[in-house]
Amino acid sequence: MIVVMQTDASDQQITSIVERVTDLGLVAHLSAGEERTIIGLVGTTPLPPTLDEMLEAYDGVEQVIRVTKKYKLSGWDFHPEKTTIPVLDFVIGGAEVTIIAGPCSVESEEQTLETARGVRAAGARILRGGAYKPRTSPYDFRGLGEDGLKILATAREETGLAIITEVMTPSDIENIYDYTDIFQIGARNCQNYNLLEEVGKAGKPVMLKRGMSLLIEEWLQAAEYVLSQNNPNVIFCERGIRTFETQTRNTFDVAAVPVVQSLSHLPVFVDPSHAAGKRPFVGSLSLAGIAAGADGLMIEVHPNPDHALSDGNQSLDLEEFGELMPRMSAVAQAVGRSVHQPTVLSPA
Amino acid sequence: MIVVMQTDASDQQITSIVERVTDLGLVAHLSAGEERTIIGLVGTTPLPPTLDEMLEAYDGVEQVIRVTKKYKLSGWDFHPEKTTIPVLDFVIGGAEVTIIAGPCSVESEEQTLETARGVRAAGARILRGGAYKPRTSPYDFRGLGEDGLKILATAREETGLAIITEVMTPSDIENIYDYTDIFQIGARNCQNYNLLEEVGKAGKPVMLKRGMSLLIEEWLQAAEYVLSQNNPNVIFCERGIRTFETQTRNTFDVAAVPVVQSLSHLPVFVDPSHAAGKRPFVGSLSLAGIAAGADGLMIEVHPNPDHALSDGNQSLDLEEFGELMPRMSAVAQAVGRSVHQPTVLSPA
Amino acid sequence: MIVVMQTDASDQQITSIVERVTDLGLVAHLSAGEERTIIGLVGTTPLPPTLDEMLEAYDGVEQVIRVTKKYKLSGWDFHPEKTTIPVLDFVIGGAEVTIIAGPCSVESEEQTLETARGVRAAGARILRGGAYKPRTSPYDFRGLGEDGLKILATAREETGLAIITEVMTPSDIENIYDYTDIFQIGARNCQNYNLLEEVGKAGKPVMLKRGMSLLIEEWLQAAEYVLSQNNPNVIFCERGIRTFETQTRNTFDVAAVPVVQSLSHLPVFVDPSHAAGKRPFVGSLSLAGIAAGADGLMIEVHPNPDHALSDGNQSLDLEEFGELMPRMSAVAQAVGRSVHQPTVLSPA
Amino acid sequence: MIVVMQTDASDQQITSIVERVTDLGLVAHLSAGEERTIIGLVGTTPLPPTLDEMLEAYDGVEQVIRVTKKYKLSGWDFHPEKTTIPVLDFVIGGAEVTIIAGPCSVESEEQTLETARGVRAAGARILRGGAYKPRTSPYDFRGLGEDGLKILATAREETGLAIITEVMTPSDIENIYDYTDIFQIGARNCQNYNLLEEVGKAGKPVMLKRGMSLLIEEWLQAAEYVLSQNNPNVIFCERGIRTFETQTRNTFDVAAVPVVQSLSHLPVFVDPSHAAGKRPFVGSLSLAGIAAGADGLMIEVHPNPDHALSDGNQSLDLEEFGELMPRMSAVAQAVGRSVHQPTVLSPA
């Protein structure tokens, strides 16, 4: 249920509504827009049948609307302005198309720092790198764990890039917390609801990758698990869905970008690397994602893809990434967006 | 790598090989068949290049075979006899087709006991019932939690049925342990690798439902996460995959039964309820599963499906289940299997 | 629109309604059941808004029902009794599960006759064999054409088996007509509407294989193209749909059998050979199809599968087919059906 | 097999090779590049085992290469330069991204002319419009037939736009020939091989839409049916594939553009209208297609979409199309391409 306040409603009027519904066992989510405040009410217990009439009688209330959609907090009704998420010195979800780049796995300090320096110089804002890796087989390389997290911290300190890394299980959240700026939930865990709730509670932004065969409707509902923990900063990331076609690793559902944006105020990224699965197609899919309106991209970059411990086939090298950035910038401008241009540091 | 021992190899000879490979950081899985013992070696570190030659020089060794398949412990090479799993007073994976029945969710003691008595009388061996429910939306009924587990314990005590219930996150394993005979891993968690390893360590049998778009090859590899914790008792359960067709909730991939059985020694069940998603088709899919060779079925049964808190559309009522059992028995016999016929207790 | 006549309606009363609606540009399809006659009205022009009231005023009419479903002639409303199709000396759609067997392609008279004799001795009713083959590549073997048809005619004459063969384009219909008892429309042509209408006009029974990604709803509508040519004898054939899974050639949607039977009065066959794509799984899928209620099966059999010009991987040899037949018979009996047992001809 | 001629090979040398292989029952396809001529040899009969050695002995031959790929004529090996197709006064497959626009169905002269004038003014090169419509149900509007073709001819005469229209069956080819500049083969007929061969023989360019679940590999092989009739002018058109997702009518496989371009020299178009199925997403998918490198687009435009007889949901109106064109032009320029800018006729 949504309570739309009058444009001149006072803080006191808002507070008294929040207190009333909290007494009823509901959780109130406030969305303070430029014009007016909207109060979203969510609860797992059934709402009293006359709750809307009761709330409409409160001072400062303009309208009360019953919502039957399953995705409440992620939908436009509850939050009529597009969500922007500040991270370090930049903002996700604004005019800038945010570029995340880095290796699939953190393999060594040297590999990670070389990548971080390279992608930062080209304009990336965030460094990706897995310390805990979900692998289809338990006999494959599964990441450096805490050692990997420390390497990411070093890279952040040296380059100023923000960090995103994957968390696979609730008991790792605390450990990862200090090392990351954004928690990544991988495709395989997109409906691991306990993990979603726990990472929601941690409070930092959460990137929710789409599962291999997740309906968009289910994706929005998975986000509710995070949002309902009073964590408003969810980022969606389309990474290809599983279909019959085998020429690409997954089928890049580029339409998911405008579809999700039509249903939700949350930012939508794309991961052309996992979608393509093959280096030669990563560039085209990156440009397609930006043209379709993506708020950001996550691209796998490795200094030496042929020797990567995971996902080498789909990783660009630093030179390829450096050449792709101005092409992405051109397409971003063609659709009224921009890509960050780093300040070139001149030698003293 | 597989070490095939001679038929007359002594325990001492086997032990010395196990000790040697353990020193090398490998884990040895023993499979003691009727004729000979096979030692499977698994490790995440690369094997020494001449390990096979070294092991062939040991006394009692007949042959050493390198295995490159990703599914080692689940494959026939490591374990040439079909796995049978004893549970209470019956066996899974033998000539009998094991029937699991019960409600989607444990809703109340009355509902659960009525179902347990009814399905036991019809020939079911195991009672299913969810206490912790993964729900697409956080605003739906998510199970009774520990209260639900206690109701299951009561049902087990009264009826003698074994219990299967779902575990969704590692921290719940300890809590559920005493109440269940088999841990169920749901489709959404089929690649939640931390959960798979932790539940593997718990030691009780694990049913691994197939994910919505999981390749059979990935399914076998997911089982390796459990098996590699020295827990040999994994049961697969096909429950329909996600396709374009909308007349059924999922597409029942009945071919998965013979395909998995051709690749693995582990038992394969089917869940016609989640596959069909609609009551009128559950019976046909049950019979098809048995005809295709399934080692067991998991069927949703509720005393009053129209009032079920979850999955009512696909639940049989007790009368429908009672009528289906003799039809399943007839098809089982036609393919050389059987279904349990309960002893009718005559009044004193 | 459906006109349900009274049980004692006279032929004269029926005729006057047919004449009236024909004047209005509609086509009337009569379904004379045991109790009463039903007249289905179909037209591409919009119906007059008060047509139902007008027809209800006619003598002998009990009820007029507007139908909005897209599948009219194939649905139960128009035709409340299950369709049975007499072919030579047997009937499709009755208690017997009809077995079609034979090679993918007619390769030679010797190969075809050897197969025909073998499958007839085992209990098959119909010989399949392609003379015009749709091949993914134009550079593959595309069938013997008219020479192949003549070989099929010889086989029919010698063995008494009925013939089914594929027609790929309207201009071949006349040529094939005399050689076949059932026209087969392949999966690739399932929405080749011109072909469906032309083959419908030919008047012989038509088997409509399901397209690789055809919705069941679209399949029923494709059948309408044949049925609306006043050809009531359509047989559906499920042959697997295209999904992400690669262990089988296609995913056998066994649930399509009960789903189509719930929507339509027409017989439903299955083709386990194209579904499995691999010989070892054909048997299990055959049994699953019968258990699910299939009215018939189409199985690829070749005297020497390893040398077949097409689909050798999925063809049984005559011995394998001979061993499968009694297993199919046992499952058929378990579900209240039967499989034809040929009379063994004793030597004179 | 491919015969690569020396750069200075004479016409006489080329001719003598063509004559020799023709005698052997092969068909020779000449590709005269800027530097050298390549002769592709295709035949359905097996090639003589020593053919390559024999041909290497001919004067003017530099190299003979055996090709095992199933897509020969469509692949880069046979034809190392990108195919360009001249149509009226413009060229398909060059630097310009060709825009096709128009209604799903030709409904009336007024509707068609209004659309033609509007899309021409905005920069479209080709008018689309169906006279023969494949409809899922036989009871839906199936096009105006020859009357529709005449309306298209009027539109071509008045506006100078080229025409593309769908052919559904071989017997319609002759009839349509004079009215169209490009034959369109619809998704449902993409593996209707008799139609592909017959339309190939007609000689005009052919647009081959991708089937709902056609593998890219099968798509290239379908093109071989046209190309092997000595018709080199095939245009691919990606229009979305069928997946589990329901928010869009089909899943737009934008990666098909770079994938096909990596395998084939033929132009690749996209149809964002059928992919999206909903008007609000057509623009984003159009831009994504251009960014991914599409050689052209086919967009459904109708003067009054809400009253269209077919596909109204996915048709832009003239104003929306007019607004989309400059956005497409901007993205085309960002990736080094262009979109046609019509000369504005100033009033005298």
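Going by the order they are written in, the chains are A, B, C and D; count residues from 1 in each one.
Definition applied: a residue touches a chain if its C-beta (ideal position, glycine included) is under 8 Å from a C-beta of that chain, and two chains touch if they have at least 3 such contacts.
Since we're looking at a predicted model, the values are computed, not measured.
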{"item": "Intersection of the contact lists for chain A and chain C", "value": "B, D"}
{"item": "Contact-richer chain pair [B-D vs B-C]", "value": "B-C"}
{"item": "Centre-of-Cα separation between chain B and chain A, whole angstrom", "value": "35"}
{"item": "Centre distance in Å when chain B and chain C are each reduced to the mean of their C-alpha atoms", "value": "38"}
{"item": "Chain B and chain D, separation of their C-alpha mean positions in angstrom", "value": "51"}
{"item": "Interface hub residues of chain B, defined as touching at least two other chains", "value": "213, 242-244, 246"}
{"item": "Residues on chain A engaged by chain B in the complex (per definition of touch)", "value": "42-44, 70-72, 134-139, 141-142, 168-171, 188-189, 191-195, 197, 211-213, 218, 221-222, 224-225, 228, 242"}
{"item": "Chain C - residues contacting chain A, complex", "value": "213, 242-244, 246"}
{"item": "Chain D-touching residues of chain A, taken from the complex the two chains share", "value": "213, 215-217, 241, 243-248, 251-259, 262, 275-276, 280-281, 284-285, 287-293, 327, 330-331, 333-335"}
